[in-house]
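Listed after this line are the structures, all set down as structure tokens.
One chain, chain A, links the two complexes that follow: it is found with chain B in the first and with chain C in the second.
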Partner chain A sequence: MIRKPWRQLPSVLYALAIYGFIFLPVVVLVLFSFQDGRFPIPPLKGLSLRWYEAVWNDGRLMEALANSIAVAVGSSLTAVLLGFLSAYGLARFKLPAKGLQRALLTAPLTVSYLIIGMGLLITFNAVGIPKSLVAAGIGHVVINMPLCFAIIYSQMGDHQANIERAARDLGAREWQVITLVTAPMLWPALFASFFLSMTFSWDEFIISFLLTRFDVTLPVEIWSLLRSGLNPKTNAVGSVVFGISVVLVIVLELVVFRKGRRS
Partner chain B sequence: MTDLAVDVRNVTHRYDSFTALDGVSLTVPAGAYTVFLGPSGSGKTTLLSVIGGFLVPQSGEVLINSQDMTDVAPAKRPTTTVFQDYALFPHMTIGANVGFGLRMRGIGSKERSNRAHRMLELVGLGGAEDKKPHELSGGQRQRVALARALAVEPSVLLLDEPLGALDLKLRRQMQAELKAIQREVGTSFIHVTHDQEEAMAIGDTVVVMSQGRIEDMGTPERVYLQPATLFTAGFMGQSSFLKGKVLEKKGSVIDVDTPCGQLRLSAPEKRFEAGEAVVLSIRPEHFVVDRAGDDILPLGSATVEDLTFAGAHHLAVLKHAANDDFRPVAQMPQSGGALVGSTVTLGVRRGDVVVLKDQG
Partner chain C sequence: MAATWKRKRIDLGPWAFVAPALLWTAAFFVAPFIVMAVVSLWERVGTDLIASWTFANYLKFFERGHFLQAMVNSLEVTAIVTVTSIVLAYPFAWIIAEKVPARWQRLALVLAILPFWTSYVVRSYSWLLVLANNGIINQALLGIGLVDEPLDLANSRTATVIGFVHFFVMLLTLTIYANLVQLSPNYRKAAADLGAGPLRTFWHVVLPLTLPGIMVGAFLTFVLCIGDYITPQVLGGNNELLMPQVIMLQIGRRADFPTASALAILLMIVVTIAYLGFARWIRLERA
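For the complex of A and B:
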């Protein structure tokens, strides 16, 4: 093949344009979080960590950050547990209308977060559950459980069923089969679905916005900050949110990597 | 009758419209190596599942050590299973795999690792405790599965096509080892296979199954030399079949009219009526080629159609001169035998012919 570098130029430009389109907003956000001035707009007057310090010293923001972590961890653990148990039930037992049950479990994936949030708001109102972090956490379980179920269910094959059978044959009770054999075997899938849930819960705004009142999650707090106008502090906190999301995605990637290498 | 390991009574099981087991009854003596042999779909694996407790049959009973176990869960039976795909716990070490059953029985970790060690030595894998299953070869995993199943000291060990995934050489070697281990531990082994050579090599008793029924059951020698049914004669080794009709019966001697002439045969233990349709089954090594004698029944002449070299001998496909439908397969010498296209005279020793009922 004869190399014609100029031929590749359009595709290189195209690739650059795509990556620019995707990453430029984030780069700008992060860059101006270091702005040594009062406005997150060009020109860049110099680099400073003062806005990060401001975030660190803002009690409401730090509280919201802690709330977000608590909601993300709590709702993800619940979503993984419920998703795992329903996947185990559907994969291992003869159930009536299995296909329908599976469809119903995964259906919430297709419903918009706004609809789920509104539905939960109305339901919680009717039942008398007040707006709170717990309510938002329940909302996150609703959106993440179908995902956890789908990931874990896809990893439950007949080969594992045979290994569980071997455990029962050797005298294991049902709970021992689940805790000593099934869950450890599915560890990569459980881990991946937990971190994916964490990522989604961490970023989620609309459900948290509808279902929290006094204690709020970080995206909701950032939204109320934005209402008083742009300032490099919002950039700084946005960068923190982005940074943590990146860490979660990297952890997830490492898990998938490890799994890929093993098989 | 206290030394019966397994007593299966009239078990029937259907999957939708497919009958996997059709009124099966059998007894397995304690301390013996029993092999269930049959083609796929014959019900042999279903029968093993019924004994292991993975399947509750729709009717019939299963007794293990004289106790009714028909509805008892696998965990509570004195049986363990070696699965075809080994089903080792991939996240546990070999030692933890072998000790798993003991752990479920509440045995302390020290005793557990002692016994796991002894079991691994028994199967020739001493010192592999700390490895993970994926570090072992197929044959080694097979041994771990065996050690794991034997560690809980079952009264009956069930093996579901345990050698199916191994290559031929390793398979023959493992057969010998399985047999040796069975003799050493004295546990009753029930082994499922579709490989008739494996069944003959390994079994004290061979149970031949077809279409959910037991066709024949006995020592490998008896089943091979005196098969009870046409299916057994065809499945357990190779056989040529000659149809005929009983003309007359005198005690244990019968005269049979066949397209190759009238033959006087002995049929001990079997009752045939005059006029009954029968099939004569003859093994390739029982044909006598180009030789006559007092005890040899002449079967006429035949043309050699095809010759296959089988190492120790040749196998010839012949075409009978008087009967186009009779194409016997006969064993020929390793060298110096007839060539393709030549005509030979065919005979068989009287005592070697097996007379079977013609089942249609």
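For the complex of A and C:
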């Protein structure tokens, strides 16, 4: 290999081309968010933070940002809690039709968000539940709970069941076993499913779009910004969203996967 | 003492753990789906919905050209996107798995999927910036004199496909890489011992062994692509509509829930057929 470095050239060029393709839109997005002009297109007229200032001063955007965080945290906590309890129940107890229950719990993974959102919209409409952030949050739990269940269920091994049995023999009650023994043993899985749910909820558009009206989440607010065409403000808020997502991913990578591998 | 604790544990009942999740899924996933199925049989007269049992909404799909055309468009775009993404992602994943030193592979992979985490809406908007008439690609082409006037890249099927391929190349790189590194090097050594060159080894050993993984990724791409509304809506322009756009038009502009429900169910049927096709394929490969 070292004797013929030219033979590696096609691989290097190909990898660089794909990296270029993958990063092109992100680089353009972030670069022109600093545009000192009215349009986020070449030429770059100079660097300025005025569009970030505009985002900061935009009440609706900041409100949507807060809404998005609230919906993401609330729906993810619910999804993790329900996913964890059901995984515990199915992994540790004798229950009838376990296969069917697992299939039912993971079924939403195979249906597109558009259809889940539409079903909820029509149903809420019929029952008289108004569009709101809570309605969108309910939808986010529907899409994230199967994921939480699958992740946590896959991590429930037999050696943990033995430790739980030992705790019960030593006099622990069921809720003590769950909170003091099972949950701490599974915390990498719990943490991973929580952060994955957060990123999915944070990013989700179509369900929020269908189920919210006056108070909206950030992707929906960005959507209405798009109507004004190419605008450096959209670049700025897009860059902020990207930054937050990357921070979430880095936290996930560092805290969960590093620790998970060590233990 | 121990006996009392034990009795309390049984009293709680294992259903208490599973019930909340099951009830949630039943109330907010199964029930809405049934409601949607029922509403798809309703009639819409003027702006009123009339409960009835009619397949008129489904017949509409076959009678009205633009519904059928939207389904054809969706299938075409999805097929082009799936094939293009696999063809681009496979060599890339292979290079990361084979050519990048082991200690740098994780970084190479994390970098390769970093833009995956840009918001869905923002990602499509970013491609609009890149492909616009006065965007960076057209400016570059004009600058080096390759074209005389800007190419109409944005607002077309090409733009939709580029937006999709960008997303799915990242996704498929991840799944194909995971598949490639799981392969035991013994297979390749055995092939080499038996006299196969690198190309033959790849074609007859590595590729067949990674095919199930490719098919899983292809199915994932198919499902996510055919159900996506944002990418075609932002990048596709007004010349042609895909199924999710047509469904959203029924909801948004006309509040025609029966037609929207029927179209959504037809889309689900197509996805189910695709699933059956893929599932059989994957199982055959494993046998």
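Just a few scattered comments:
Everything that follows uses one rule, which is that the second predicted complex is superposed on the first by the 257 of 263 C-alpha atoms of A that agree within 3 Å, B and C clash if a C-alpha of one lies under 4 Å from a C-alpha of the other, contacts with A are read in each partner's own complex, and residues count from 1 in each chain.
Keep this in mind: a residue touches a chain if its C-beta (ideal position, glycine included) is under 8 Å from a C-beta of that chain, and two chains touch if they have at least 3 such contacts.
All of these numbers come straight from a predicted model, not from anything done at the bench.
In the superposition on chain A, A:L16 contacts neither chain B nor chain C. In the superposed pair of complexes, A:M185 makes contact with chain B only, with no contact to chain C. When the two complexes are overlaid on their common chain A, residue A:L254 makes contact with neither chain B nor chain C. Contact with neither chain B nor chain C is seen for A:L49 once the two complexes are overlaid on the shared chain. In the overlay built on the shared chain, the residue A:T110 is in contact with chain C alone; chain B does not reach it.
In the superposed model, C is the one of chain B and chain C that contacts more residues of chain A.
In the superposition on chain A, A:D169 contacts both chain B and chain C. When both complexes are aligned on chain A by C-alpha atoms, chain A residues 168-169, 171-173 touch chain B in the first and chain C in the second. For chain B in complex with chain A, the residues that touch the partner chain are 52-54, 73-76, 79-81, 83, 85, 87-92, 100-101, 104-105, 134, 148-149, 152.
Of all residues in chain C, those touching chain A in their complex are 1-2, 5-6, 8-9, 12, 14-18, 20-22, 24-26, 28-33, 35-36, 39, 88, 91-92, 95-96, 99, 110-112, 114-115, 117-123, 125-130, 132, 134-136, 139, 166, 169-170, 223-224, 226-230, 234, 244, 247-248, 251, 257, 260-261, 264, 267-268, 271, 275. Listed in rising order, the residues of chain A touching chain C in the complex are 8, 11, 14-15, 18-19, 21-26, 28-29, 32, 39-42, 82-83, 85-86, 88-90, 92-95, 101, 104-105, 107-108, 110-116, 118-123, 125-126, 138-139, 141-142, 145, 149, 168-169, 171-174, 199, 202-206, 210, 218-219, 222-223, 226, 230, 234-235, 237-238, 241-242, 245-246, 248-249, 253. Considering their complex, residues 159, 162-163, 165-173, 176, 181, 184-185, 187, 262 of chain A touch chain B.
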